[in-house]
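Same chain, two partners: chain A is paired with chain B first, then with chain C.
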Partner chain A sequence: MEFSIEIFAEQFARTFSYWWVILPSILLGLIVGAIPGFSAANTIIILLPLTLAMDPETGLVFMVALYASSRLGAGIPAILVNIPGTAGAAATPLDGYPMTQQGRGQQALTISFTSSVLGGLLTTIIALLAMPWLSQVAYYLHSVEMIVIMIFGISLIASIAARDTLKGLIAGFLGLMIGYIGADVIYETPRGTMGFLELYDGVPLIPALVGLFAISEAFSVIEGDSILTKLGREAMQTGGWGATIEGLRETLSRWWHVVWTAMIGLVIGVVPGAGAAIAAFVAYQQSRAFSKTPEKYGTGHIEGLIAPESANNGVTSGTLIPLLVIGVPGGATAAIMAVVLQYHGVTVGPELFATRPELGYGPFTTMAVTYILMIFTILPLARYMSRVTVVRTVFMAPIIISFTLVGAFVPREYVFDMYLALVFGVIGYVARKTGYHVAAILIGVILGPLLEQYFLRAMRISQGDVLVVFSSTIGNILWVALVVSLCVPAFTAWRRRAAQERTPAAQ
Partner chain B sequence: MTDSQQEHGRRKPIGGELIIPAVAVVFSIYYLWTIVDVPFTAQASALFVGTILIFLCLALFVRTALALRRGEVSLGIGGLIEPTSFVPRRLVLLGLTVAYIFVVPWLGFTLTTFLFLALAMAVLNGGRSKGFIAALSAVLAIGGWLLFVVAFETRFPAGPFEMLMQRMF
Partner chain C sequence: MDRFDDDFSRRGFLKGSGAALGAGALATLPFQVAMAAAFPERNIKVYVPTREGGGADRNLRAFASIWKNHIKTNFEPAFYPGAAGRVGYETFMGKAPRDCYHLLFGNMGAEVLNWVVKPPTFPIDSYFYFAQVDADPGCLFVSTKSKLKNVDDVVAEGKKRTLNVGVSRLAHPASLGALALADKTGAKFNLIPLSGGRNTLSGVATGEVDFGALPTSSIVGRSAFKIVALFDDKNALPDKIPDAVLVNKHFNMNLPPLVAGARAFGIQTEAVEKYPDRYKTLVSTAEKVYGDPAYKAAVEKTKAPWEYFMYGSAEDCKKYVASITEIGQQYKQYLTGKQKKS
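Here is the complex of A and B:
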């Protein structure tokens, strides 16, 4: 896999010539990313006849541009109305939505767009340069290491729901149990399905996402005339281009924060199955753990918005590395890309970079070009998009319910899934009102099937020895990292309390 | 108001906070019951997670019991339903949502969405601006049909409107 500047420059020029494919794909990606139930993977599947009719290079450009822009689009409703477009944006509202409530929606959107573009662009270039080494990460992670990574993800919930760690853990582990619903993969025994055949394949993610975030939010927002606070309404009266420029300046002044949180996304993206949701929460938690002002997180803190947005865009390029280098897709969209390439008789692997560099390097240069074009097309829109927050809740709540409920119907076309979304909506409403984090439940539902799959595999390899989870050196290092990661915030809080107690005593 | 009533009013009502853990315990026990007969390797993961979940819920129950004993909290559910003035609207919205899901397979996406939006907005807005709400609902329902069904070719539930449009175009 030789890399040279000539190939890179030639590939970039070649990709720019596909601007007529990239620009419409950006627009489509932003729309489908912003609507729960319409992920990039679903859209590529719906448009598969079109994609297969294109030559492989055009098809790949279309899919990659759609993929990158939908990731950015998912953050828009997360910031404006507290409803992530996809699970990858589930950490975005933690600080993005409070900013909107304070009338800083335009600034929050600008920060989200800029950190997404910078994070995505940077990780794409790094992925291109470090591909031979990064692709090896997947080789070192087996079922035992993956179990630790999954539990790492759940443990973050305790940190995220810092006001009450116990409630955070209950929400996360309840999510895991819900994620375990369905027939087990080896013995096909139905478990926890309550007799519903529709649950034999497990709990579908989109109805869970729609219910926990959208339906529960709709039932909550009707308590006020607007989602904005009084100060927020006043701030929206004086809206202009200043907030966009301020958001841009705030992000650029925190460039190092964008860089290291995007790198978290890139590394996690390389791990098959880990995904953008874990990356966003890991980045958020790490950002808070190393912050000098952790108490500001969750109140509309800029760094709390930058971290998940740059990380989930860092994942985008990461998921393509195992696909192109070793033929293992890093996520659902990458898996569909593999199917399309196979349909055209293209074999992925190291030889692809030598025989057809336009397909080997092409996805990364396409991603870079998409991010460059995206910043010029979307940034001016932040001012107008943020106006959605002034819509009265009496109109907004029914719109959210009707359009997201049918979004829950789309993936499997079961009416049952709409009822399921409503059940999750009730759970989400109770959780919101009583201090349990809905994002914690959702992360549990996402990780449940994955954790069980790796657990089953490890148990079968070890012939039922549960201590297998401590049998790997990398796994044990990760266990220690997990403990440290849980202890650092507690230790920092203890030191701060001790310092505060000392200060009045000294006076 | 008696002293004991005033005392009760000052306590933080946390009865609603026990709903999620209670559901979690009941569901975990039910789930573990459904895997009694499967081999241990297939049970281990759920046993691990289910046991931790039950333990965490018990810890919360004990913490609540201790706070009750100290007189800091009450078992009221005020935190869950407050502000109570919105309870009727919320229940109507919930009823309309159930009706939406029930009716959409027959009436289709466009008509059901129009009816749901018009009724829900009218109820939430206290019956004011009926003309505006009807027009807005129609624009949104038809806009949704154009975007999802026509442009994205999504297979939403089809009803009389979708079938008529399909025959016409």
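Here is the complex of A and C:
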């Protein structure tokens, strides 16, 4: 596969001519992304008759635009009403929702949109330019290395526990235990399923996600009149375009933060089977670890919102690389794209760049054009979307619960999942009322099963040798990086304390 | 498409989408056409214990698109993929009425091995398969970048060190083939379940495992891989996989064909006993599908190798289930983790 700037430029211009497919796809993607339980993957499946009726290039443009925009759309309810529509947006409300409660929903949305678009656009271009090298990442990140990456994400529990160690750790371990439910990945032995067949594949993510965050939030906000704090309500009185410009400025002034967190997303996205949730949590954890103000994370900190949003959009282009380089899709949406192309007689693989450049380069140029068009369509809407937060909770709470229950049902179409969401809603509510952090539970639920999967696989490959986790050079480098990133905040805090102690003495 | 203006205009797109949506909606409308015959007089619901978009979905849609013309009714698929298909089987046996209007469409091999490892909650003989639609043999494959170039390399290397074999799950006909080969040759194979075909392909491509074992049709046509051995009596695709040897012939073994993809329609025994005429109609019309040239066209449209599509009667299905159960029982200790090495 050889990169050609002429072909790329021609392809870029050609993709722009598909604006009439991209714009409706963006709109659809934003809507399905914002509805919990829906995703680009299941929307493409639902619209399969339409997609198959298109020629391969139009179909590909439609699917890629839908994929990129749905990723951005998932952040909207996460920020405004604490409902992450997909696992990839699970880290978004950690700082996005507190911003909304403070009456800064419009800024939060703008920051989310801008960092998503910039992160997505940048990683798309890098993916295209560096595809031969990036595709090698998957050859080096095997189970052993993925164990360390998982621990990067899970170590966020420790950061959360820093505020109240015992409660934080209890919540984290509860999440890990819930994540342990289901059949093990080697012998498929059911564990903790309580006889429910519906739990054999583990606790489904969407019901857990919407239950812990959204339903428990609905139970909580109904006790008040508004989801906004008193200051937040005052801030919302003075709405205008200024907040959008402010959000834009805040993101652009942190451009480097967008760049490196998006790169985390891109690298994790290249690994087949890894996903946006891992990228978002790892980026958030790294962002916090190297921040000068780690204590502000979780309180509506801008960098805490930029990190997961740019990372989960960085994943999007990454998942296409294994599909185009080795012909194996890196995620569910990429797999469905491959099925659609196969239906048209197109075998996906590296030969596409030479034989059908419009299909080889097409996904990347489409993604780039989608992000460019998206910023102009979505940014002006931030002002109006943020008004949803002024709706009184007596109306808001039932709407949240209805939407989330439908969202819990959609991915597997089991009524059981709606009850499960309610159970998680109650767990989340009790956790909130007793001072346990629901995010710590959720991190365990999402990343725990993945950690177990990679660990069991590594153990199986090594035939039971625990030291396999230190058997690879890259893995060991990652271990060192993990230790450093865990020590940096403590070291920074120690230095700050020491400086504070010295300052009064000097005075 | 060189210029989209020529082939696919905006107006064309809207027209096409409207037509496609309309066609899609019509295809899914339930109970729209009441058929004149005594059976069936309404749609037939098909329980599929796998995910939408996979091989079973593909084969079901191709078969049902022709079968509906012969049986004069539509088929409504319902997917229950949880717990390696267990949710689908349990729902079918637990909730579906015994009236021949509710059928199962599953992969017999993987399912039988499910029951070997952990029996279902219902008696195993309370349902059976009556119409097999394909027979996709299991195979061993390597990455084209691997230093293992053929099955002899695989066996020779396996005698020097333990090779890791990527499989979609332990209880799978293709996995059993790898175990049987290891037993016969003395090679040491360590099966690594990678949770599905896609992950298995990734594992082999990225070198996390040394080689893989999957149904053949999931490898054919992928330039990153090379099929080196087949668990079948013949190579039905000599042009597409010329380097694949037949394991039985090459190693002087006597394995039954380890058909890794053997999708078939199943029905409850009680339904057949209550409505023998309905069952007869189901069987006779399903048989006609294979004589219909439109069926070959429907299969070829899906890009699946037509050579693997062959009809199997209830008797054929029974024999297949028995052979897989027998070999599954031989390796039960290994599949359940009670024995660590093959």
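By definition in this document, the second predicted complex is superposed on the first by the 491 of 507 C-alpha atoms of A that agree within 3 Å, B and C clash if a C-alpha of one lies under 4 Å from a C-alpha of the other, contacts with A are read in each partner's own complex, and residues count from 1 in each chain.
Heads up, the rule we're going with is that a residue touches a chain if its C-beta (ideal position, glycine included) is under 8 Å from a C-beta of that chain, and two chains touch if they have at least 3 such contacts.
Bear in mind that the values here come from a model prediction, so they are computed numbers and not experimental data.
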Exercise. Regarding the shared-chain residue A:198, is it in contact with chain B (first), chain C (second), both, or neither?
Worked result: second
For this session: Have a look at where A:186 lands relative to chain B and chain C in the superposition and call it first, second, both or neither.
Result: both
Exercise. In the superposed arrangement, does A:167 touch chain B (first), chain C (second), both or neither?
Worked result: first
Exercise. Which partner does A:431 contact after superposing on A: first (chain B), second (chain C), both, neither?
Worked result: first
Exercise. Regarding the shared-chain residue A:212, is it in contact with chain B (first), chain C (second), both, or neither?
Worked result: neither
For this session: Name the contact category of A:398: first (chain B only), second (chain C only), both, or neither.
Result: first
Exercise. When the two structures are overlaid on chain A, which partner does A:460 contact: first (chain B), second (chain C), both, or neither?
Worked result: both
Problem set entry | Partner chain in contact with A:83 - chain B first, chain C second, else both or neither | neither
For this session: Go through chain A and flag every residue that touches chain B in one model and chain C in the other.
Result: 186-187, 189-190, 460
For this session: Would you pull the chain B residues touching chain A in the complex into a rising list?
Result: 14, 16-17, 19-21, 23-24, 27-28, 30-31, 34-35, 37-42, 44-46, 48-50, 52-53, 56-57, 59-60, 63, 79-80, 83, 86, 89-90, 93-94, 97-98, 100-101, 104-105, 109, 113, 116-117, 120-121, 124-125, 136, 140, 144, 148, 152-157
For this session: Please give the residue numbers of chain A that touch chain C in the complex, ascending.
Result: 17-18, 20-21, 45, 48-50, 52-58, 138-139, 142-143, 183, 185-190, 197-198, 200-201, 272-273, 322, 326-329, 335-336, 339, 342-343, 345, 347, 349-351, 358, 412, 414, 453, 457, 460-461, 463
Exercise. Contact residues on chain C for chain A in the complex?
Worked result: 1, 4, 7-8, 10, 13, 16-17, 19-21, 23-24, 27, 52-53, 81-84, 86-87, 90, 117-118, 162, 164, 169-171, 190, 192-195, 198-199, 201-202, 205-209, 221-224, 301-303, 335-337
Seminar exercise, completed: The chain A residues in contact with chain B across the complex are 32, 38, 43, 46, 166-167, 169-171, 173-174, 176-178, 180-181, 184, 186-187, 189-194, 215, 218-219, 222-223, 393-395, 397-399, 401-403, 405-406, 409-410, 413, 415, 418-419, 422, 425, 427, 430-431, 433-436, 448, 451-452, 455-456, 459-460, 464, 466
